[in-house]
Structures are given as C-alpha cells and as structure tokens.
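Following are the structures in question.
Two complexes are shown next, each including chain A; its partner changes from chain B in the first to chain C in the second.
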Partner chain A sequence: MEAKLRIARRASATTEQKKSSWVRQLWDRRWCYLFAAPSLILATMFTFYPIVSSWYFSLLQWSGFTADKTFVGLANYAELIQDKYFWDAFLRSFQFMIVAVPIQLILALLIAIVLNDQALKLSPLFRTMIFLPVVTTAAIVGMLMTLILSPFNGPINGVLRDLHLITQPIDFLGDPQTTLWTVIAVFIWKWLGQPMIYWLAALQTIPRELYEAAKVDGAGWWRQLWNITLPLIVPFAIVIILVTAVGALHVFPLIQTLTGGGPFFATEVMEVYIYRVAFGGETGMGTPRLGYASAAGVFFGVAVMILALFQAWGARSLRDFRSDLQSV
Partner chain B sequence: MGQGSNRRATIVSLILIPICLIWIYPFLWMISASLKTNAEFFQGTGLIPTTLHWDNYVRAWQNAHIGDYFFNSVIVTVAAVAIATTTAAMIGYVLGRYSFPGKKLLMGLFVATVFIPQGYTVIPIFEIVNRLGLADTLWGVILAEAGGVNVLSILLFAGYFAQLPRELEEAAQMDGAGFLRVFWSIMLPLSKPVIASTVILRFITIWNSFLLPLVLTLSRPGLRTLAVGIYAFRGEYYVDWSGMAAAATISLLPVIIMFILLQRYFVEGISGAVKQ
Partner chain C sequence: MSDQPISRREFLRLSATLAAGSVLAACAPAATPVPTAAPTKAAAMSATAVPATTAAAMACSKGDICIKPTSVKLPKGAVTFRLLDSGDVKGVYWKKFFELYQKSYPNITCQYDGLGWNEIAKIVPLGVQNGNAHDCFSIPLGISPAQAIQEGWIRPLDDLIPDLDKVKAAFPPMSFVEGINMFGGKTYTFPLGTNQRSNTMLLFNQEQMQKAGYDPIGKPFTWDDFRAAAKKITEQGAGKYFGIIDGGAQLPRWGFLIGDLMRLNGGVSYVNATGAEGFLDLRKGEYIFTNDNYIGAIELLLAMKADGSFFPGFMSLNALQARANMGQGNAGMMLQGLWCIDTWRAENPNFKYAVALTPTQKGGGTYSPLHASAGGNVEWWLYAKSKVPEIVADIFCLRGTLEGQYAWNKIAGLGNPGIFPQAIETASDIPSDLKSLEMQFKMFRVGPTLAVRNPDIVKVDLERKAPTPSVEQVIQGLMSGQITGVKQAMQGVKDAYDKELDRALKAAKDKGANVSRDDYVFPNWDLTKDYTEADYKAIKK
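For the complex of A and B:
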C-alpha cells in the first residue's frame, strides 16, 4: 500500500517536473523565439497570410475597392477553366521558362568558362559589362528597349537597314509573330549576368591541381571540360537551374513595360494576366475582379509548386542514381 | 601559364571586346539620346549628338518628378534591405546555433515559400496594407518588400553561424556577456561576408521590384518608386522620346556608377553566397 502510494507520488512528481521543465525549456530558449519573431511576423503578414487568404478570396465575387464581397463558392474556378485568356497566359508562362532558361544557362556557362581563364587579364571588365543589365531596374530596361526596338526610329532597325539586311523595318514589339521571342531575348540579355556569376563561383570551387594533373596526362581542353569541369559543377547546377527557373516566372516588370501583354495578348504571361484582371490593367478600364484574379493566382501557384516538387524529386533520384552507380 | 595561354587570352579578349560593347550598347545609346533634341532623335543612328541638350534633363526632373521617385526608391530600398538583412541575421543565428522546440517546423515553413509566385500573393498584400492603414506612407511598400521570405539569406546566415567555433561564445559568457551581447559584439562582426552577400542580393531584388510598388501606389502618385514613375511617365508623355531617355539616364546613372565603383564586392559577394 505504502509502496503503491510512493509510486503514485513519484509519477505525479515527474509529470509536474516534466511540465515545469517544458515551460523552463521554452523560457531558456526565449532568446531563440525573440530572435525568430521579427522574421516570422513579417513572413506571416506578407507571405503566409496572403497564401491562405488567397484561397478565401478566390471564392468571392469581389471588385476590391468596395466592400461588396459575395461568396460564390467555386464559380470563379469553373469560369477560369473555360477562360481562353487564362490558359494562354498560363501556358505562355511555362513556355517562356522552357525557352529562356536553357538558353540563359548554357550561354552563361560558356561565358563563365571563358572568363574563368586566369590568363584573361580583362576578365573583371567583361564580367562587369555583362552584369550591368542585372542591376538596372527591369521596368527601365523595358522602357529603354521599347525605344531601341522601335520600328520608327529605333537604332536596331536603323542598323539593320544600313547593313541592307532589311528593307521594311521590323516591328519587334508590335507584331504578334515576333513579340514573344523579342521579349525572351530582352529577358536573356537583362538577366544573363546572374547565372554567369553563379557559374563562375561554382567553377572557382574546382581545385586547379585537377587540371594540372589532367594536362600532365595529356588531356586536351574538351576532355578537361567533359571529365573534370562538368561533373564537378553538377551539385551547383541543380541549385542554379532552380533559381533561374523561378526567376523566369517573375517577368512581370519587363513584359508590362515592354508590351503590357500585347499586342493582342501575345505576350500575356500569368502575372500580367492577374494584374490586368485584378486591377483593370494598364488603362484602368474594365472592372477589377480581385476574386477571379485570386483564383487564377492560386491555380498558378499550385502548378508552380507541383513543378518544383517534381524538380526536387528529380534531383534527388538523380543523386540516388549516382550514388548507386558509385557503390556498384 | 606559358606563352600559348597568353596568346590565347589576347585572342579571346579581342573577340570579347566588341561583344561586350554591343552588350552595353543600349546604355550608351540611352545616354546619347538623352542629349539630343526630339528632331535629332529621329534621324540617324550616330551616338554623338551634334549639340548637348541638357534641357531634356530639366524637363524630366521637373515634369516627370524623377527626383521625387528616385528618393522614394532609395528610401524603400535602403529601409527594406536593412530590415530584411537584420531579421534574416537574427533568425539565421538562432537556427544555425541553437536547437529549440519548433525549429524544424519553422525551417519547413520558410523553405516551402521558395516557389510562391508573386502574382499569387500580391492581392492579399494589397488588401492587408490598406487595412493596416499603411497605404498613404512608404511603409506599406517597405514592409511588403522586406516581408517576402528570403530563404537564401536565412540559410546563408544559418550555415555561416553554425560553423563558428563554440569557444567564442563560451569565452564571452565567462566574461559575463549575455545572449544579445554575444550576438551583437562577437557573432555579427564575424559575419560581414554574409551580410555583404545578403545586402547585395536583396538590393538587386528590391531595386528591381515593380509589381508590388505598382499595385501599392496605384492611386498614390506621390509614393511611386522610380520603376513605377518611369512607367507612368511613358504613359503620359509618350511623344517626348529624348525626355524619356533623360529620365531613364537619371534613374540609371547613380546605380551604374555605384555598381562600377563597388563591382568587385558585388560580384564577389554573390560568388561567396554561392560557394557556401
């Protein structure tokens, strides 16, 4: 009897101790929570809350500027999947990414390999020149390029005419046939410097001795590239591809200022579509539809995340495959 | 490095110089166009203007309020970069050096936001800024810019702080330094390379930002940043080509000059960020 009581008393003592130790643990770690708090509060307000409230907004008929929110359930989504402009913009976003990212990555890698040469004394100058558009506000690049590519007095058409390559000026940004390609070209020009720097950093992690040893063994430039450089930058490549791909989905500033999504919606990507639907677009005409635009945003966001999961999964199975190969 | 590699380097340089000049041709053209008259602008492709027309700059500065927009941009960028870097350093410090209940969840939440497109969150941000009553000050734009989770900076700080030796803070604690003091006087000064990388990466993103400031200043022209201001200028004065070139030059030159002066740190900062 007495033993039983003792056990019971001990048990309650340990729970009490455990409880107080749990509180104590939190108290001991109070600085950790205090230090994490500012980021968490900001992220909650401007990232987590927007993600969740988008779901709710997407179920509303709501013009935004007045309080007339009407709950319409999934009606926005039902309308969305029948909206030709939505699907065009949705697919165009990915088309943009699929075309721009590989070109950007391969060009940047080539330039990085050339500039990584120790004997190239002017390398920092070239690096600076190629990086210059990256620090230039995208919206201003958009405006500048509108002037440069103009069919009326733009220097590009002028040069092409002086070289007798064309007789009629090309309306790079006004012709639905050429616009999207022009925008992609401008995007690559603007952002090429960023992956170039990433590649340069990756290349600089490769020990010089490897190349010297390869040279002693009689390996030429191509063999060194194929057997040393490329295999050793693969781990970096996965991150660089990911960052560049995410970047290619944020083309709003460039497209809005170059073409506004036109002509005839030929360059309307998702963010431009969302902006147009939500805020009445460039002219401020049309009815703002925040609920409908939210539904488009949710749809797009989910699609991007599924794509990202696939990419992460692909990267992981590639890694597993390689380690399997090594263990064989 | 023999004579062969030197000769190769010379040949490569000779090929690269014209390519790089073409690469920056738009900027050279813009500066040249900003000094021409609108009439001269329409003739020829020569880069050297016949006479220098500084009145384009006067027009851009006065009519287009480029000066005001420039200061708005500077305020937004400086404040948002400062807030974003400070908060990232703080959370990176505790994530990198301490274990505490909820750490894994916190990490998971932040990493999950990497792929959120801005088009997805912009409408609720617009709504929350209005509801907080921040719509008539630059604070709305500043907080919204700083509030986007920057996982890369947080991971950089966490990784860097994690590898600093324990003895550092033990020695400081023996001397009676508390948590804050250890962070402020020992850890933070040691993390200068990461601070530099984060500041640079954030600067590029926030200076380039367009969608958020555009949406948040739709009905408030006084709060426009440069990017939004130039965009509006184009809508209002689309016939004044050399005025627009002048406006673009005013907005770009300070950044370009700063970048050229600091380019070593810029490029090495990003390189350092990738290597870690």
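For the complex of A and C:
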C-alpha cells in the first residue's frame, strides 16, 4: 500500500516537475514567442484560417456571394472527378511545372556559376539585371510581354524575321500550338533571378581553398564543377527545387494577363480554372461557384502537399546518405 | 416678338423644354413654383433653352450638371455618401457631379469608387456582409437583382420619393418593369440609361476604306462586301494595317459578334430576365445555335480569317487593345460599340473614324431589328442598410429629369446614352456622331421580356450555370482552330444549353417556382415592332 502511495507521489511529482519545466521553458523563451507572435497571428488570419475555411466551403453548394449555402458533403469532389476541364487544368499545371522548373534551375545555376567568378567585374550589374524581372509585378510583365510578343510590330517577331528564321510572324499568344510554351518561356525569364540568387548563396558556402587545392592538383573548370561544386550544392538543390516547383504552380497573374487561360483553355492552369469557376467566368451567366472552386483548390492543394512531402522525403534520404558517407 | 415660323429644330427644342419643365416639376418640392404657361418662342430659341423652375436653374445651360432641390428630404447633419460602379466614362460624370453636389450641400461628403467588375464581385458582398457596403452600388455580374433582394442587399425607393409616380411618369413607356427594376410592386432603381446599344456597329477608318473603294455608309455592306473590303484593305495595307480587328481573347465579344450578325438577318434571340445576352428564338423557344444564320456568321468570320484579313494576334487581344490598335490606324474595320469614339477622340484626335450599319446578308440597309429588354439599363441600386438612402433617391431624381439626362449625355452619351431619347442631342458636338446614335436607335425594338410575363422566371436564371464550354468559348475554339466542324460543334452547344435550361427549370420548379418551357415562347411577337403590354396580355393564359 505504501509502495503504491510512493509510486503515486512520485508520478505526481514528475508531472508537477514536467509542468513546471514546460512553464519555465515557455517563460525562458518568452522573447522568442513574443517576436514570433505577430507573424503567427498574421499567418493564422491570412493563411491558416482561409485554408480551413476552404475545406469547409468545399462541402457546400455556395456561390460565395450570398447567404444561401447548402451542405452537399463530398458532392463537389464527385463532380470534380468527372470534370474534364478540371483534369485538363490539373495536368497542364504539372506539365507547366515539369517543363519550366528544370530549364529554369539549370539556366539559373549556369548563370550563378558564371557570376560567382570573382574575376568577372561586372557581375553585380548582371546579377541586378537578371533579378530585376523578379521584383517587377507579374501583371505588368504580362502586359508588356503581349506587346513584345505581338505578331504585329512585336520586336521578337521582328528579330526572328531579320534573322530569316521565319517568313510569317508567329502569333505566340494566340496560336494554341505555341501559347503554352510561350507562357512557360516568359515565366522562366521572369523568375530566373530567384533560383539564381539561391544558387549564388549556395555557391558561396563552398570554401575557396577546395578550388585552390583542386587547381594545384591540376583540375580544370569542368572537373572542379563536377567534383566540387555540384556535390557540395546538392543539399541546397532540394530546397531550391521545392521553392521553384511550388512557384511554377502559382502563375495566375502572369497567365491571366498574357492569355486569360485561352485560347479555348489552351493555357488554363489550375489557378485560372479555380478563378473561372469561383467567379462565374467572363460571361457572367449563371451563378459563380465558390464551393466547387474550393473543392478544386483543396484537391490541388493536397496534390502540391504530396509533392512537397515527396521532396522532403528526398531531402531526408539524401541527408542520411551523406551522413552515412561521412561515417564511412 | 418674332413672327418667323417655327422650324423643326426649334419645335424639337420647344418639346424638350416642355418635357424638362414637366419632369422638373415632378421632382421639385411642392413649394417650388411650376411654370403654368408654355415658354415663349423666344425662350425656346435661346441656346440655353431649359426653362427654369427655380432661380438656381437659370444658371444651368443644357448639358450642365445642375443640382437643385428635389422632393426628397436630405439629411441635415454631416454625412458621407459612397457610390460604387464599374467606372470608365461613368467615373468622369460622377466626379463632376459630386464636386457640384458637395458645393450645393456642404454637409454631404461624396466618395466615388470606379472599379472593375472583378473587384465589384468581391467588394459588394464583403461590404454587405460587414454592414458597410457603399450606399449605392452596381450588383456584381452573375447576381440577379431578385437574388440581391432575397439576400437583403438592396431596398426600394418608394418611401423616399414622395412623388415617385410623377417622376416615373416622365420616363419613356415600359421603363419601369416588374422583374427588371421593380419587384413586388416596389421600385428599386431608376433605369437611367438605355439598353438599346449595339455592340457591333461597323466602325471604320475613313481613309483606308476610301482607298479600298468602298462606301459602307452610302451602300451598307452585305456579308460578301464586308469580307471583300477586309481583304482589299489588308492587301493595300501590305502588312502595315489589316482589314479587321477585334478582341478575340475577350470571350463575350464572340457572343456579341456572331449573335448580332445573325440577329440582323432575322435570326431572333432574346435578352434574358436579368438583362444578360440570351440565345433563344423566343418565337419558338428554341436555341439559335444551329440556325443557318448563326452558322453562316461563324463561317463568315472563319473565311475572313482564312483570307488573312484579321489583324495578326487578334486572338490574344482584348476589346480595349483592339480599340487602341484601330485608333492607331492598324486596322480598317471593327465591329464594336459607339463608346469607342470617346476614347479615340481623346487619345487619337487625328484618327478619322466613321460609323456604318453592321453588315447584313442582304446589305443595302435591309435588316431585321435588334431587340432589347424593357426596363432600360439599370446600373445603380440602393444599399438596404444605407444610412443616407435619401441621397441616393435625390441623385436618382436629379438624373431622372430631362436636364439630368442632358448632363449625363454630354459626358457619357455617345457610349452610354441616357434613357430619354429627346436628350440625346448633347451626346456629341459632331453631327455625324449624332447620326450614328440615331442609326443605332433605329436598329432597336423592345423585345419580349421573360420576367414581365412571368416574374418567376428569374428563379430559373438563379439556377442556371453556363455550360462549359460556353458558346463563346466554342466560337473562340473554332476561330483558333482547336475545334473543327462548325455545324457539329454548334449542335453540341445547343444540346448542352437545352440540357442546362431544362435542368434549371426543373430545379426552380422543385423549389416552388411556377415556370415551364412554354414561358420562353412568344408566338405573337412581330420582330419589326416593340413588344407592348397589349402583346403580353394577348398571350396571357
């Protein structure tokens, strides 16, 4: 009996200790929490709350404009699975990402490697020039690009014609054969500066001594790239790929201003699809469907999350592999 | 006193003067003296001929914005009034109007917001939800007034304007219509503009057209003339300019273009209960997509595209960009509304434009009229929880006079004319522009309006969803070459629209609406005449 009491007392003491240590930890780190609080509050208001709301909305038949909401369970999802235009947009989004991301990453890496060369005196200027489109509003880039790509007096067609590469102007944004590829190209150009900066940051973590030692050993530019640069920036690559891939799925302002998703859905990616369904499209006929659009958004969000988890798993596997290598 | 005979122009001015007097009297407070004698001829001949009912009115010339007391009792304390609409030329008018309004009533601060429809779609519902919507706003596209009433967004004007019936009496016949601007016998807004506006007048570059050897004003185009002229202009432009331009990326344009080309040949379609464009032949209640005229109109544009007559890149332009290119002399013709002219006059003063009748199959000025719904153009509604509803009523009252209409037309009348036909003279100081307006009005008749016959029909519109792909999207697909086979494609569109209408009818019926497909059939409709109250009565069950 006494033994039992002792155990109970010890358990209670442990709980008390735990509680006090939890409170103490909270108190000790109070400044961290205080500083984190504004961003946590903002994230709750503008990120977590809308996410949770969209889960709820996806279960409703609701225009989004009125108080008339009907709970329909998973009916929106059932309809979504039958919706050809949803699947087209869904696949197009990933097609966009699969084409854009590798090209953008490789180009950005090559530029970063060149600009990382301290012998290049004008590298800050080039870096700024390449980064400039990143800080320019996507909608403005879209508007300008419609002029630059115009088949009527557009400078790109002019150059191609002067080089005798074409005889007839190309309708980059109006021809369904070229429009998606054109939008991808504009996206790559606009956002090229961002992975370039990431790559530059990664490259600058590589100790100079390694290159100097390699040079002493007679390694050329390619050998240094292959044996020093690339292996040492691989851990960064996982994060850069993830950020760039997610960025390639958020292309609404660019596509909306360049093509509006057309012609005839040729560039309708998921965000444009969601926008069209949520607000009833341009014709204004019928009721906008925020509930259905939310279901599409949730479905797409889950798909992107799976992608992110897959990449996180890749990053962890790589880290484990590296630590295994180091222990050997 | 002069003994010269009264000319036609003077007679019109005199009529306008009398109308202005009666309208002003209607909106004037009871204490305001109303003219009892007809104005003298000398007064009618005066250039600033609106007769005054008050001393303040004497200071206003025709076309001036004139703020004067109405029968509406305005708030005495300091208040703020806010108005939201889709801007553009409307914004130009409101800014001037509010400047003067604030001067007349220093206790009232006016705030105007002109935003795109996308923003209106977000701001209005949010404002209503939070209880701080604009006092007067445009209802977002896709939301019907009936729905806005059901949701408690808007309220009627009846208890705010003591002499409402008198004010309404000054409007043209069929301006106030149940299901459009009246609901349950209450008046919710004033139809301050006309909806008899063509989206597809033939606007052309005079120099290029002349050089091509065509005169679409003297000899209105057939479809063949139109195609040949576009080809000729393209050839003579040799890459510097092209025959025809439009905003192919702006989906509704395709509905307007093909719809109007078809309608003018007697292929009827309607304007639906909520005022949006519709595609039913209301004589039979059938969709018109497989009609020979409709198919023919699509084939005409496809043939013109195959000719190379379209401006390069037109598929990725919106209507504004197309208008800008036209003004810069990059294209010879465009089928759009007269609102383009204001922009050209401001931005391309050297551009010599002209306006002709939309091409028809027979040409020579022979056409079947276009149709608009009864009830005019309703753009502004009174927020149900507005703390200053009297100001909205007052402004509607001022705008709903001949004087108010002159002032509106002076700023916005070319593209967005007021509803009083007699006030149109201030819309432009260029005679050819006024002729274009006259030509446009001649093209229109009042068509049958579904909601007038059966107000329950708005419940069907609430249930309807645009099929995907919509007819506009399919036409865009045909023009871009992503879809082939016009007849087959349009049969698919017809089937989809029929299916959706039947579904919406069933859904509305399930919710208690008394509607059927028969409500979409008006067998006694004579296309050449206005559809009047007598016609509605004649088909009443």
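By our rule, the second predicted complex is superposed on the first by the 281 of 328 C-alpha atoms of A that agree within 3 Å, B and C clash if a C-alpha of one lies under 4 Å from a C-alpha of the other, contacts with A are read in each partner's own complex, and residues count from 1 in each chain.
Methods note: a contact is a pair of C-beta atoms (placed from the backbone, for glycine too) under 8 Å apart; a residue touches a chain by one contact, two chains touch by 3 or more.
These numbers were taken from a predicted model, which means no experiment stands behind them.
Novice: More residues of chain A in touch with chain C or with chain B?
Specialist: On the superposition, B touches more of the residues of chain A.
Novice: According to the stated criteria, A:Arg289 is in contact with first (chain B), second (chain C), both, or neither; which is it?
Specialist: A:Arg289 contacts chain C only, not chain B.
Novice: Based on the superposed arrangement, let me know which partner A:Gly174 touches: chain B (first), chain C (second), both, or neither?
Specialist: Second partner only.
Novice: For A:Tyr85, is the partner it touches chain B (first), chain C (second), both, or none of the two (neither)?
Specialist: The second partner, chain C, only.
Novice: Does the superposition put A:Pro263 against chain B (first), chain C (second), both, or neither?
Specialist: second
Novice: Touching A:Phe279, do we find chain B (first), chain C (second), both, or neither?
Specialist: both
Novice: Of all the chain A residues, which ones make contact with chain B and with chain C?
Specialist: 64, 146, 152, 279, 282
Novice: Over in the complex, which chain B residues touch chain A? Could you list them?
Specialist: Listed in rising order, the residues are 1, 5-6, 8-9, 12-13, 16-17, 20-21, 23-24, 26-27, 29-30, 33, 41-42, 44-45, 83, 86-88, 90-91, 93-95, 98, 100-101, 103, 106, 109-110, 113-128, 143-144, 146-149, 154, 179-180, 183, 204, 207-211, 214-215, 218, 226-228, 230-231, 234-235, 241, 244-245, 248, 251-252, 255-256, 259-260, 263-264, 266-267, 270-275.
Novice: Contact residues on chain A for chain B in the complex?
Specialist: Residues of chain A touching chain B: 25-26, 29, 31-33, 35-36, 38-40, 42-43, 45-51, 53-54, 57, 64, 114, 117-122, 124-148, 152-153, 155, 158-159, 162, 189, 194, 197-198, 200-202, 204-205, 236, 239-240, 246, 249-250, 252-253, 256-257, 270-271, 274-275, 278-279, 282, 290, 293-294, 296-298, 300-301, 304-305, 307-308.
Novice: List the residues on chain C that touch chain A in their complex, please.
Specialist: 117-118, 121, 125, 140-143, 147, 150-151, 242, 248-252, 255, 276, 311-316, 321, 325, 330, 462-466, 468-470, 472-474, 476-477, 479-483
Novice: Which positions of chain A touch chain C when the two form their complex?
Specialist: 63-68, 85, 146, 150-152, 154, 169, 171, 173-176, 179, 258-260, 262-266, 279-289
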